[in-house]
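Chain naming follows the written order as A, B and C, and within any one chain the residues start at number 1.
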């Protein structure tokens, strides 16, 4: 079994994703290709980084995770292949891998330079097809990572928005809005619980106050936002059977404040 | 061969579907996963039920059909696994399976309770990932259905809008609008033919009258709605090379009336 | 290995694509199905033809490319199966294959007529499910092309918009706009280079003038359109980190003019 996951900002409007799959299967007909997501906003590095971080561990050991969100394609930005205990990661070196690699540390980082593995002629605008897809295909066939280029010591790091903690409050923000309109904050379950310590608290978002955690969407009302720890372990603001993002007219970046009482 | 079909309201915007596929492949690397549809409107039980009903029989015998449209996730709603002559169905017990099971009767209904098959930690908001995907994966590996929980006798039933039949008229409604803007009614071919008996009839929709059945879209005009029996055997109103839904400004629920003359 | 690629205007809103995949796997459980694109505009023959032409060669030898953009479904238009040196192509005979077959010549053209391979009952509105998918599945299993019908000598041809060349100028047009808003012209790299011969030139689009070729998107400015030869070897107008289609308010058909100086 050789699984390759794909995460891009290509959308499914064009043939970009399909062509990458053709390229992979030409090299490794046994590859199983799984789409994580292709609807990342164009050049949305932070969004792609979050999606990768919350997805990679659900895949079988040995999976090659291929991420192509690449605003600098064709420039001098590096292309990297990272080996971890359980996975391979392949991406432009623009920080998109860093939140995932914080949880699954890099064992070996390779700058991809060996043109033997590139498609010819090599374009300057579609390295997903000409470099990343063929490299992922060869990795999935068992090619040793050091064949693809030289070892390097570090990769670019993308900082996620940080939570501010004071004695009285926790100040986070909405970093992701899902298809249902749920607002995912950057406050993880551990930070939240360390701060509230099972005592009374209030969650403030826009002009709304929520004073307890729900366990499920169905517990809430259709006209009153609720808060819960979501399936990826972050504090989330939601609305039963509706989009809280629409209901509150809230976008990414909106402050989420927790006060102890 | 072990095929798993997926039908959800998750859309492809997030990583939900991709993560479910990762979970499945971790358990059964041989699974072939086929997307039926992920664009069901959020909490769109009726839409999902119709799509399942018109899809399941086209899949190979032994396919596990996994449906996750689950507004009650995390509440006390049951989770069920149904064995029929040819298929397995896995879904929350909210009626979404019932139109399909009317055509392909249940042989065994299991309430899924065996936590051995669940992902840990178990979330309250993403049973698609933590319960339904792993159960489908184990089913596709040949695990006996009784391993997943206890037999129960019934499941929730979702009633589709009924056609009203009088001596002079058949009153149905638009229950689905496809990507091309075709209006699918709840009047099936048999009901239609029994009523019209090859005699003269008129189809009324909004302020339009159609007085015969076409055999294909191409037979029509680009400025005159036509009626035909569609590929899923329902009476459909359409427009050659265009969207009749836009043309007539018609939405789901619009009446479709057949009169005998 | 038996790969089938799919290219349709069905979108992913309905169950059409999923049902076709079920049909294929029922006939050939070993088939690997790859989506090239399903977001072709309804009845968008030219768009589908361009996507196929720029995709097919990236797939493994032996791939069956299945194209269903079929405004004439159910009418007397032919259904064809074409064998080339490396691939099979299956589509309605409406010209959608012709730009690809200009690059990969037909060796054998079969009019698909053998009902043995069709689903029964045969609908008049969904030949993708009832004819094209089963034929592709049987082709992918190695069935000889002459089993599907009789040899014919020609297929419909779809003319792509032509570039006008005078002594002083090259007049092309925008024929495709991708997800990023990049404007793909019908001026291919060879035509462009033969005309400019490394001399000074100007590219005119709407009220903008571009006077050199960039090598990558990242070379440009976020407020100044750039021109480059894209990954499919066509002259493309783009904007760094943005949509030049939105920026210039340009749609398909917009003139792209190159002047020599």
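Here is the rule we go by: a contact is a pair of C-beta atoms (placed from the backbone, for glycine too) under 8 Å apart; a residue touches a chain by one contact, two chains touch by 3 or more.
Remember, predicted model here, so these are calculated numbers, not experimental data.
Q: Superimpose the Cα trace of subunit A on the Cα trace of subunit B, which carries the same sequence, then give the rotation angle to the nearest 5°.
A: Copies differ by a rotation of 120 degrees.
Q: Residue numbers at the subunit A-subunit C interface: does the shared fraction exceed half, giving same, or fall under half, giving different?
A: Mostly different residues: under half of the interface numbers shared.
Q: Centroid from C-alpha atoms only, then distance subunit A to subunit C, rounded to Å. What do you get?
A: From the centre of subunit A to the centre of subunit C is 31 Å.
Q: So which stretches of subunit C touch two or more other chains?
A: In subunit C, 12 touch at least two other chains.
Q: Taking the complex as given, what residues does subunit B use to touch subunit C?
A: These residues of subunit B touch subunit C: 1, 3, 5, 7, 12, 32, 34-39, 51, 54-55, 58-60, 63, 178-180, 215-219, 228, 230-231, 236, 241, 243.
Q: Which residues, counting only subunit C, touch subunit B once they are in their complex?
A: 10-19, 21-23, 25-26, 29, 33, 42-43, 71-75, 77, 123-126, 129-130
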